[in-house]
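Every chain is named by a letter (A, B and C) in the order it is written, and numbering of its residues begins at 1.
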Amino acid sequence: MPLSETIGIWLGAALTLCIFSFLYRDNPFYKFAEHLFVGISAGYWATLEWHNVFLPNLWEPLTREGRLLLLVPFAFGILLFSRFTRRFSWLSRWSMALIIGIYAGIAIVGYGSGDLILQIRANLLPLWTDSWLTSFNNILLTVGVITGLIYFFFSKEHKGALGGTAKVGIWFLMISFGASFGYTVMSRMSLLIGRVLFLLKDWLRLVD
Amino acid sequence: MRRILERLEALDRRIIFVFIFLSIALPLLLPVNMEFSVTPPVKSFYDAIESLPPGSKVLVSCDYDPGSMPELFPMNVAAFYQLLSRDLRVITIQLWATGTLLTERAMSEVLEDLPDKEYGVDWVDLGFKEGREVVMVSMGTSIPKTFPSDLHGTKVKDIPIMEGVNTFDDVAMLVNISGGLPGTKEWVLQVQSRYHVMLGSGCTAVSAPEFYPYVQSGQLVGLLGGMKGAAEYEKLVRRPGTAQRGMDAQSVSHIIVFLFILIGNIAYFSTKGMKKRLKV
Amino acid sequence: MRREIPIAICFLAGFSFILEYFIPHKQVLSVFETIRQWAIIVIAFAYVLGIANIVRINFHAIQRKQRDWPYKVVLVLGVFFMITVGVFFGGIGEETIFGWVYYHAQYPLQATMFALLAFFIASAAFRAFRVRTFEAGLLAVTAVLVMIGRVPVGEALWKQFPDFTEWIMNVPQLAGKRAIMIGAALGAISTALKVLTGLERTYLGGE
């Protein structure tokens, strides 16, 4: 194994243990590692933006292909930095408005078609089929979605029939939250498995 | 008895931490290699790729970071392996800046087993692009305009694999390895629902439950959820990796968490009952 | 005009994306394509702005020798080091200094930060997860069934456990998630419409 790789593994192990030291209590090693992480990450993002966006999408087309229209987004981008001045900070709103407007427009189209119409269509299921299990599942799905949606209707007080239906909706929501919790535990444990495997395998060579 | 339960309720959390660490470390040191079966969403993901004719182009978007690497990196490697070993052409992009070097590493691992695969012909890395959903929608009109060059600065018009690839109509499938936002949900909303391209997802276990509706509606052809999903997928492609390795530790740690929940509740309700009886 | 022009820009930008969905004519699409390419560049500038802000805030903290200022020196040095090696010394590939620092510093730091969550979720489960009501019990039972059913030990205990867990995920869990999804979609659409029409202006900040 090359020396740089060996040094890298030891560095990685040391930084891993610095972060883990927080489990005992907050300490200078953890603070150092935490600040180093923020600094390196921020520098990493800036560098990737430079190589993957500014150079191929702005600088090269502007300077080598003469696409002068790209001066418009360049100007909008520079305007963002006016936030650092007190006198001209209002100019940054133009760029912010462009970004916010674009994402708002995208959200309407995306959520409308992907999450609203297609999901409702997918829930229009036959309640009586040849298989009793499929029929049961479809009925349960339909009841679950409708009662769940009724729970989110807060314009009327949840009393009487509406309250009872909303209560059934809560049960389905609790089941989905329970499943999410179970999967979240699985996810968090996986992340720890990854780090422990690194320490035992790559660093200490206790496992293959 | 009452004292034991009270002490249990007030247990120092560092003792809990030690139990969790041991529940992960011991199974890794002393593996049992418990058997497990493959679930339908994972099988569907695998079958979707198997159904593609050799030579088809597949767009793989690797949108994750080191924080989700234990779950997603094994999926990424297995996906690249299945795609390339079936002579499918891989066009990879990233919408997370942190995914760039991880994608490179995943591909390096696969190329050790498939050294005859040629960059620019069998696969290409177009790199990272900022913009999230804007990039996705932009690719729907023109992939070359959105990604004018690859990761190394070569113009896409000079890359053989990119010949004839202009929009999503020119790719047979889209595979998304998703660590969060932007990820599978955004690909479903902005791309699948608009351009109707076949979309398979590998995601973290945190996100997996919310993507089941997309599998049922057909918006996703398959779903790999978390490390377990990665392990099942590794089993199907016959390339054991770190995901399968971690299954024993996953099993033991889950049992430990279940026991903590159980003991915590027993201790709580017992001391609560005792306090009530003392008051009376 | 300091508020009206941004609101107009917001409306035109957003509306163009909606219009594009309904008018797939080639000439019209090419105009929107240009706007999208511009957006990618402006959004990248926004990220750089965020990073510049981090440097600015920490630089001020160092100048004023605020609490923990030596650590902020490490932070600022980290930013400039990565930019320097990435832009001026060899680029960003796997075999570069930039790549080495990423794999052996950033990756272990970030991965371990997230790995800490495993300890905290176990601690929270022990101390705070109390089954006080029927609904909480439903949540707990589902969580336990999914946790055990989704790992190999569940299948070892009962061969049909994975199928039963898959049924939970595909039917009752899916119903709850779909209800949340539809509700959230309606909320997202209404909020986006409020932003586009200028009813929601918090992104403009104060005067």
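Annotations for the structure displayed:
Definition applied: contacts are C-beta pairs under 8 Å (C-beta built on N, C-alpha and C of every residue); 3 or more make two chains touch, one makes a residue touch a chain.
All of these numbers come straight from a predicted model, not from anything done at the bench.
Centroid analysis (C-alpha atoms only) places B farthest from chain C. The interface carrying the most C-beta pairs in contact is the one between chains A-C.
Averaged C-alpha coordinates give centres for chain A and chain C that are 3 Å from one another.
Each chain gets a centre from the mean of its Cα atoms; for chain B and chain C, those two points are 16 Å apart. The mean-CA centres of chain A and chain B are about 13 angstrom from one another, to the nearest whole unit. Shown for chain B are the residues that touch two or more other chains, namely 17, 20-21, 24, 67-70, 98, 100, 129-130, 134, 137, 194, 209-210, 213, 216, 228, 250, 253-254, 257.
Counting partner chains per residue, chain A has residues 23, 41, 44-45, 48-49, 51, 53, 57, 102-103, 106, 109, 111, 115, 119, 122, 176, 179, 183-186, 189, 191-192, 194-195 touching two or more of them. Taken residue by residue, chain C touches two or more other chains at 17, 21, 37, 39-40, 43-44, 47, 92, 102-103, 106-108, 110-111, 113-114, 118-119, 121, 125, 140, 143-144, 147, 150-151, 169-170, 173-174, 177-178, 180-181, whereas all remaining positions touch fewer. Those residues of chain B whose C-beta lies close enough to touch chain C in the complex are 11, 13, 16-17, 19-21, 24, 34-37, 39-40, 65-70, 98, 100-101, 104-105, 108, 129-132, 134-135, 137-138, 141-142, 145-146, 152, 194, 209-210, 212-213, 216, 228, 247-248, 250-258, 260-261, 263-265, 268. In the complex of the two chains, the chain A residues touching chain B come out as 23-24, 41, 44-45, 48-49, 51-53, 55-57, 60-61, 102-103, 106, 109-111, 113-115, 118-119, 121-122, 176, 179-180, 183-187, 189-197, 200, 206-207.
Put simply, chain C touches chain A in their complex at residues 2-3, 5-7, 9-18, 21, 34-35, 37-49, 51-52, 54-56, 68, 71-72, 74-83, 86-87, 91-92, 98, 100-119, 121, 125, 135-136, 138-147, 150-151, 167-186, 188-189, 191-193, 195-196, 203-205. If you check the complex, the residues on chain A that touch chain C are 4, 7-9, 11-13, 15-16, 19-20, 22-23, 31-51, 53-54, 57-58, 69-70, 72-74, 76-78, 80-81, 83-84, 90, 93-109, 111-112, 115-116, 119-120, 122-123, 137, 140-141, 143-145, 147-149, 151-152, 169-179, 181-186, 188-189, 191-192, 194-195, 198.
Against chain A, the residues of chain B that register as touching in their complex are 14, 17, 20-21, 24-25, 28-29, 67-71, 97-98, 100, 127-130, 133-134, 137, 147-149, 151, 153, 186, 188-190, 192-194, 204-206, 208-210, 213, 216-219, 225-228, 242, 245-246, 249-250, 253-254, 257.
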